[in-house]
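Below is one structure; the comments refer to it alone.
Should a chain be cited, it is by its letter among A, B, C and D, assigned in written order, with residues numbered from 1 in that chain.
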Amino acid sequence: MTVLTIRDALNSALHSLMAADDKIIVLGEDIRGGSGIKDGQELGGVFGVTRGLAAKFDARVIDTPISETAFLGMATGAAMTGLRPVVEVMFCDFLGVCMDQLMNQAAKARFLSNGRVPLPLTIRTTMGAGDGSGAMHSQAIYGMLATIPGLTVAAPSTPADAAGLLKSAILGDGPTVLMEHKGLYGLEGEVTDGLPPVPFGKGRVAREGKDVTIVALSSMVHKATEAAELLARDGIEAEVIDPRTVKPIDSEMILASLAKTGRLLVVAEDTAFAGFADAVISVVARGGFDRLKAAPRKLTPPDTPVPYGRKAEAAWLPGADDIAAAVRSLAGS
Amino acid sequence: MTVLTIRDALNSALHSLMAADDKIIVLGEDIRGGSGIKDGQELGGVFGVTRGLAAKFDARVIDTPISETAFLGMATGAAMTGLRPVVEVMFCDFLGVCMDQLMNQAAKARFLSNGRVPLPLTIRTTMGAGDGSGAMHSQAIYGMLATIPGLTVAAPSTPADAAGLLKSAILGDGPTVLMEHKGLYGLEGEVTDGLPPVPFGKGRVAREGKDVTIVALSSMVHKATEAAELLARDGIEAEVIDPRTVKPIDSEMILASLAKTGRLLVVAEDTAFAGFADAVISVVARGGFDRLKAAPRKLTPPDTPVPYGRKAEAAWLPGADDIAAAVRSLAGS
Amino acid sequence: MLTEGMTSLVEKGHFIRAFEGALARAFDAGEVPGLVHLSNGAEIFELAVMNTLRPPKDQVTGSHRSHGIALALGVDPFAMACEILGREDGLSEGLGGTQHLIAPDSGLLGSNGIVGGQVPLAAGAALSAKVQGTGGIGVTFFGDGAMNQGAVLETINLAVALKLPMLFVCENNGLGQSTAASYAGGGASIVGRARAAGIAAAHVDGGDLDESLAVASKLGGWVRETGSPAFIEASVPRLAGHYHGDAEVYRGEKKKVVDPLDRAGDLLLDRGVPEATLREIKTRVAEQAEEIVERAKAQPDVSDRALSRWTEGGAA
Amino acid sequence: MLTEGMTSLVEKGHFIRAFEGALARAFDAGEVPGLVHLSNGAEIFELAVMNTLRPPKDQVTGSHRSHGIALALGVDPFAMACEILGREDGLSEGLGGTQHLIAPDSGLLGSNGIVGGQVPLAAGAALSAKVQGTGGIGVTFFGDGAMNQGAVLETINLAVALKLPMLFVCENNGLGQSTAASYAGGGASIVGRARAAGIAAAHVDGGDLDESLAVASKLGGWVRETGSPAFIEASVPRLAGHYHGDAEVYRGEKKKVVDPLDRAGDLLLDRGVPEATLREIKTRVAEQAEEIVERAKAQPDVSDRALSRWTEGGAA
């Protein structure tokens, strides 16, 4: 066991996989950084996740123009022809400019070939509000992405899961979007040596409890756990489930928790309508109706873009207090 | 009262609004059709919805290059500066190539200006499987679009609603996506003279019933009604609710129906996970839990791209028989 | 090119025309699930380009109008016909269809339903070849209309910036659906736009077989030898509607164009190939094409079974 | 330009520099919610372009780096500072922030967080002006990096095809974040790429005030008179990091560049403006800027109240 930040866990996973398989390439904007500029020290990505890769793997680490459509499509084509590309799309907000390559090309090619074409493509991108980045650098569009047939969407909350899900994505056969929360890069946590892959579709019980089930992803797992500690003082034991993958969702784990608690709160950072929270509530309402003792609840940001001002952003994001309050009213119902 | 097809109702609404307000412009690919070609007769859009507009309103009817990003963005900018543009995006599958202009520009500008900038933008697009158009000309991504804060998303099932929702969109202040089902253009129905606007967020009871509530949109309304007729023979009276707008959703009408029936089936053509069906189930599970007598159900296509072959496409789409079967098992539970 | 090779190429051209003719009749008979976009007029040029390629090391992507490209690459016509008819033994058992023909074994990485969507994918094939040192190249076909799509414009620049072994092939048939290329492209020269992006580029009359062979081999060779991208703009006629069944009222009076297949036939006659041979070729390939499409029509539709393999485990 | 006008322009340039300096200090003091991208080096050129505009008939869109553009257009600096600090009386009461400055009354249709996203929007302003016959034009500023984004490339063509009264302004500072423009653009000339698309285009040294004024007025005038689009590529230095606080290690040894503000100052000295006047100007605007940003810092953050007006009725 070692302690690593999410940033370093991801970086370390990239280093070890790239050393083991020269079919893995990494590409994106500024992921080398400083290309074309002499004597420049490499940036290694604006969040530093690809640091040091250029020095080791040179031609397999590729800076691109600001042409997300072209380079995401290029990565998709490369995945269809023998490589295992890892693309960095700097912020998930930018997926809008290359959504066709994501939703129609990368996500559909395996199906359209009836399984004859492999597509080992990993798209790393960042998400999340809380740092004053404003409406176009703060979104968390995992619910939107999960609507796309053919995509796996994952959103880790810990260093071990970040590295493990990244490995599963890179070693897998299909396209995966890995959503890294900007606010969690510096988060430290214990990781098993060798950073083992984490399978898709398997959640994690982040905290055990018997009274209420909270389903949350990414940074919301930490807020939910914080809320659970507050609630414990009042004798309410909340179970926090981190599905880790948005799609495929671990319905089994969620329903098993429901069997224990009978009460559900979903906390999400993506959009309010038709997002992750609604999907989980639907899973539970359909598959766990008899286990529900009270109406399920959700806590999401309001249905607006992410605001810039500090107070607005804080109000917009679900916080530990909001979660605790929602659980209290749920537990009392 | 007159009888019109959806195509003609839309066309007629465009003609009358454009005659009344010269701030309304229409633009898109081939919507005049034949431009630059001498003596060509105008196509009026590949589905004929904009037929005759060029001859009447000439410079306000604009053919564009195949540059969805540029022309959707142009329409957005035009809406911010005094015009009321109506853009045709030929198939909603193509929204991938201009998703940034939709999700980050058109949808966010009013919020980012704190309401100082108007954005009367109408995006007409088509959707729907059933005609062998394959995976990139058949999608129905209304659930995905509805996740975007700032957008209104509507999907009419009748000529009156098609014209009425189009009018509300054009006369309104915000960006609206109107999703026209390709398979319904020829559908005839009665319309009130003058084609009055239909307000957003207000559903329509397509068929009254007391045993089960079926919520469906667009072409699924007709399949649900067909199923309801089948069910009526067995003494099951299904109520069919057509919300007409995906967002804002008419929760009130849906919950009111639930109060009567206690049972919910949502039928949707968009994707299986985190789509419209999950959103409606969430509305009901959260807001109508006490009224639910049985677990809510949904009927959606499987979570794959739209297949091409006839049998596959028929199997992929929810049909009246599937709906009837789902209602039967629901009514019996 | 030797007369023998050229005769075989022209034979392939006639086969493609006949194959699509048979498909069109199948469409009229209600046997095709969707609309088909025919290559009429572009066959000779496409064959000239394929003549320089070495699939499957080279991989090609195409647009919605890719039957001709696929056949020119040597994709099995029966598997193709079955796919376009949505039948058993189709390339993807009918899941993809006419706009999603995929046959990487023959060098066809894929055709596409999104105008321009195929272009970045071919950059990926080029990158793969470069990184793995296979000596292969990526090739992409697209239309004049696609030249105004961001995906295409970005990829031209990307290929230059990353020095990708990639051949761009723009088939300018003067029309994007009902819209004139000259209008949509603002009157600018396509090859000029490409060249300004820093790519080696040439224009060719795609109805001229000799010239097409020369330009294709020159620019294809450039890509292979230098590892840098190149761009061909070919003028080709669109001899039929945008899709089969398109009434083309918008087109007004059609200008008379000589069919490139006839022009190629004339080249053969000039070289002393007897007219009877040409007639015999046409008859033979027409029969072959007809037979293949008939066999495809007789195949069952098993696309639902193919689908079910993707839905087992079911939707969430 | 008369000396008086030029002096006032240079004063504005110094004010912009000082304003952003004060913002940077506010950032260092923890008063700014997000990152700020400063215009250092581009002020003079931007002022030269604005000199030919007639807002609000003309509408301008800009990139993430738009403080200078906004101020050059005459947007109220206090409302801007409040917005950038996320405070009461900000343009959008703090909902938008530094990358989303919107002030159409002053001709600023909007700045943008998506590279290239602002460019199609300006085409809309141009179309509005054209359809409504206002005589106005649409103007858009973007960087060398944005020149590789589909939105920009498509819009250049669209403006030509539709004959839009639109001015494209590409500020080439040699860098997109840490990536060299020459690398990302494949070594091709930006103005050459634009010209090949059929647009009137010129390159200018954006550090040369006289030349910038001349080129801006020539091409701006062309757009206004002909109703057709035009394109300016301006070389401007990026005197600081990509954002304030960027360590720029990737940049290696920086080439020495003369600050365009100093060059413009020299022009004034040549015209006989006393050095003392220039010094006095700098001191004065520094004080003004400081005072404005200080006042903004004293404003309360009411962005949560602004937000609540958008959430009443609540999320579904």
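Simple rule for what comes next: a contact is a pair of C-beta atoms (placed from the backbone, for glycine too) under 8 Å apart; a residue touches a chain by one contact, two chains touch by 3 or more.
None of the values given here were measured: they were computed from a predicted structure.
Shared contact partners of chain A and chain D, listed by label: B, C. Comparing chain pairs B-D and B-C, the larger number of C-beta contacts belongs to B-C. Chain centres here are Cα averages; for chain A and chain C they lie 39 Å apart.
Chain B has its Cα centroid 30 Å from the Cα centroid of chain A. The geometric centre of chain B is 35 Å away from that of chain C, both derived from CA atoms. Residue numbers of chain D whose C-beta contacts span two or more other chains: 93, 95-96, 100, 112-114, 117, 148-151, 154, 157-158, 161, 183-186, 306, 310, 316.
Among the residues of chain A, those in touch with two or more other chains are 64-65, 67, 69-70, 93-94, 96-97, 100-101, 104, 111-112, 135-136, 247, 249, 272-273, 279, 303-304, 307.
Taken as a contact graph, with one node per protein chain and an edge wherever two chains touch, the assembly is complete, since every chain touches every other chain. By the touch criterion given at the top, residues 148-151, 153-154, 157-158, 160-161, 183-189, 192-193, 195-198 of chain C touch chain D in their complex. By the touch criterion stated above, chain D contacts chain A in their complex at residues 32-35, 86-87, 90, 93-100, 112-117, 145-146, 148-151, 176-180, 182-186, 249-253, 301-304, 306-308, 310-311, 314-316. By the touch criterion stated above, chain B contacts chain D in their complex at residues 23, 25, 59-60, 62, 64-65, 67, 69-83, 85, 100-101, 104-105, 109, 111-117, 247-249, 251, 279, 283.
Contact residues of chain A toward chain D in the complex are 29-30, 33-43, 46, 63-70, 93-94, 96-97, 131-137, 272-273, 300-304, 307-316. Of all residues in chain A, only 69, 93-97, 99-104, 107-108, 111-112, 135-136, 141, 143-144, 146-150, 247, 249, 270-279, 281-282, 284-287, 289-290, 292, 294-298, 303-305, 307 touch chain B in the complex they form.
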